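Please find one structure pasted underneath; my questions will follow.
Chain IDs A, B and C follow the sequence of writing; residue 1 opens each chain.
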Amino acid sequence: MNKTFFKKYFISGPYLFWMIAFTIIPICLVIYYGLTDKSGTFTLQNIMSITTPEHFKALWLSLLLSLASTVICLLLAYPLAMILKGLSVNKNSFIVFIFILPMWMNFLLRTLAWQTILEKNGVLNTLLEILHLPSLNIINTPYAIIFGMVYNFLPFMVLPIYNVLIKIDDNVIHAAKDLGANSVQTFFKIIFPLSIPGVISGITMVFIPSLTTFVISNLLGGGKIYLIGNIIEQEFTTAYNWHLGSGLSMVLMVFILLNMILTFKFDKGEGGAVL
Amino acid sequence: MMKKSLRNIYLALIFILLYAPIITLMVLSFNASKSRAKWGGFTFKWYIELFQNQAIMESLYLTLLLAFLSAFIATIIGTAACIGINRMKKGPQSIIMGITNIPLLNAEIVTGISFMLMFIAFDISLGFNTVLIGHISFNIPYVILSVMPKVKQTGKSSYEAALDLGATPIYAFWKVILPDILPGILSGFLLSFTMSLDDFIITYFTKGRGINTLSTKIYSEVKKGIKPEMYALSTLLFLSVLILLILVNRLPKAKEKINNK
Amino acid sequence: MKKNKCKKWAALFSCIALTIFSITSCGNKDSSQDSSDSSDLYIYNWAEYIDPEVLTMFEKETGIQVHYDEFETNEIMYPVIEAGAISYDLVCPSDYMIQKMIENDLLAEINFDNIPNFSNIDEAQLTSAKEFDSENKYSVPYCWGTVGILYNTTMVEEAPDSWAVLWDEKYKDNILMQDSVRDAFGITLKYLGYSLNSVTESQLQEAKELLIEQRPLVQGYVVDQVRDKMIGNEAAIGVIYSGEVLYCQQENDDLAYVIPKEGSNVWLDCWVIPKNAQNKENAEAFLNFLCKPEIAVKNFEYITYATPNKAAKELLAEEYQTNPAVFPPESILSKCETFHYLGQEAEELYNSLWKEVRSK
């Protein structure tokens, strides 16, 4: 028994080692820091500090903004994925690359470019002025941050949905049509339910990074908008209170855990739907 | 007809959204003024200065090296892991897959911080290796997610048949399993490479002195205004990837054409 | 059976090999840092705070390889040094932060025998450096200046002369405020007529209320981005370090600088050597190089921050020497104060009040 066990699983040994060393131990350390104070004694204060008005407000704002950006991403991405599915199949890889391609331009530069576009005297407002339209003032507002999130994370919503949609057998759709379903019914009764795993992983992959970002709010919010990510980053860099930062990270992890449980519920055993 | 033009307008809008900043950056790379906020005329000088800028070239080298090494090591470890995990019983399998998902689903900032805390706790000085470890760690899950479905599809029977026919396990792996899962491995590698290239947060928290990838270099430059050489570099990077992709996409078609003749 | 055994051993070996590989790959860095072969120099400086050519010249002259990193605020720099996971040979903090580093025993004494050119530094600056480094043992002054208001003459009705303009409804959404605890509070405390080193809670609360009141008027909280935004006519008024003024005026003629009548902060950035530095002698060689008058002049022309190097100042063009924005006259300086390190407790109070302002 022992021998076969060893023989069978040795090949995943390096990974198991890696997983323990570089996934589990670091997380344990965050928990350790989060549950102790500077002198090393146990405390719940770091976690409870989420209830102070400034932390709570940042968390609330983060939740709000990431929720909004997730919904917008979903609304934009689903029709897009449907359209892409409708295009000829052999362009498949090319379409995927169209969405991955922008990633080769650095993420920070891309976001910074939006600053140049959206600024008061930026590209967009110059264009609007030429067209004699009223100028748009969204830089340094929450809207600019939502915009940045949608822009940066849209591909993570499109790709999983697209991947699930192209796997749906056309015959199923034809069958539904033959049985008299109109296109609305086909969509809600057949296509949408079948695409749920993709939607769920898309939601996860947009919601979590939006909830925790500090870079987008830094670049597009003009430092006026503090998200929970900014607070944590500040605790680690400028305020130099790693215990408080870890405690707040643990609060974030609770949300991530909730999300994981949700994903697991909808997506039993099919981890592959994520990408 | 109506529907089709609507669809095209929609596609065009999304396309503009995705590529507007990229075009902006390209335009900026030809801006003679050093300041992002002012158009000072058309120039090629940043492209020339780029290659003389040692700091940028160094961070480009480091970024590419890091992306390649981390993707390569992650691909090997991840692929091996998939094969092993696939043989496990349902219970341990789902536990391991659950843990695998952690770096993927966890907030990047938490992952980055947890690495930093660990390196400092074990008194490992931050440097190239710590960044590499960080990158490998967040790349492995991407590899596993790309390879796992292929491994599952392959099934055990053909591998066992090969063994029964006298093949050594390594030979059987090389000849039977590998060709089947190769597409998964390749896409896992590419995905890791891209992710590592684009990563900022993990690098930010794990980097040591003198270690700057393009991302961290840009972040430190953001505040004082990005050096225009950086725009030039990203334009070049972007264009080379674009050309490569077009070639890759054209190549099979061209081959077909030749074959048909 | 035999075959199985072989496989088992192969498996074991590959496991061990990988484990060792990964462990050594962590350990590697340790040894490479310990055995640094004295031809390296690791510098941690403010962003764009040195002429890159100066670095190249130094490398050519001495054969020492310079590795260069940048930080944005004193507060970001401090944990990096304190945590000790990264060891730099030279760091360039401001006055109050140097005091904090000395108090927390993070700095090494500089061997001034290796820096003969130190004699070029202005006595007056050394005297003011005594405020934070009482015996001038730990620091070599690098740049100094003031904090003031940069305004766009075409966008303001009359030239501002008081911090009050930062609270003026007229300029709603046209004000750029400093995103750094001490600067933001320092300005406000000065405006209220208090010392910018105040630790009196009631005064700080008052300042906090005022900063919260200011929030809706502010377009953005920034540090170095003021520069680009003011050049691009994005805002009418910005709080800025005096050294940036020349560059901004070069790029945009409409900009002017004023030190408000209530007084302001006068700061002094100095080079210090952290205790865990591994190339101390290289660091001192670099400092000696920087203190050469011609190098200091070259550096000034690039970064345009006022130099404490007396010999270098005399070499500068007349227009720079008399420019009150760069080298302010004594009458203005006498109204300005230097930041002091206020102790951990006060620091935490400042931080938490600032967080309240920022997340309001």
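The rule we apply is simple: a contact is a pair of C-beta atoms (placed from the backbone, for glycine too) under 8 Å apart; a residue touches a chain by one contact, two chains touch by 3 or more.
Treat the numbers as computed from the prediction; the structure is a model and nothing was measured.
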item	value
Partner chains shared by chain A and chain B (touch criterion as defined above)	C
Most remote chain, CA-based centroid, reference being chain B	C
Averaged-CA centre spacing for the pair chain B and chain A, given as whole angstrom	17
Distance from chain C to chain B - Cα centre to Cα centre, in angstrom	34
Chain B, residues touching no fewer than two other chains	36-37, 77, 116, 133, 222
Residues of chain C engaged with two or more neighbouring chains	7, 18, 22, 222, 232-234
Per-residue overlap in chain A, given as positions that touch at least 2 other chains	10-11, 13-14, 18, 119, 121, 236
Chain B - residues contacting chain C, complex	33-38, 55, 77, 116, 119-120, 122-130, 132-133, 169, 208-210, 212, 220-225
Of all residues in chain C, those that touch chain B in their complex	7, 18, 22, 25-30, 32-33, 42, 44, 47-48, 52, 67-72, 83, 85-88, 222-225, 227-229, 231-234, 251-252
Contact set on chain B toward chain A in their complex	7, 10-11, 14-15, 17-22, 24-25, 28, 36-37, 77-78, 80-85, 87-88, 94, 96-111, 113-118, 121, 133, 136-137, 140, 142, 145-146, 148-149, 152, 191, 194, 197-198, 200-201, 205, 214-215, 218-219, 222, 226, 230-231, 234, 237-238, 241-242, 245, 249
Parts of chain A lying in touch with chain B, wherever the complex brings them together	8-16, 18-19, 22-27, 29-30, 33, 76, 79-80, 83, 86, 93-94, 97-114, 116-117, 119, 121, 123, 151, 154, 204, 208-209, 211-212, 214-215, 219, 229, 232-233, 236, 242, 245-246, 249, 252-253, 256, 259-260, 263-264, 269, 271-272, 274-275
List of chain A residues in touch with chain C within their complex	3, 6-7, 10-11, 13-14, 17-18, 21, 53-55, 57-58, 119-121, 140, 222-224, 226, 231, 234, 236-240
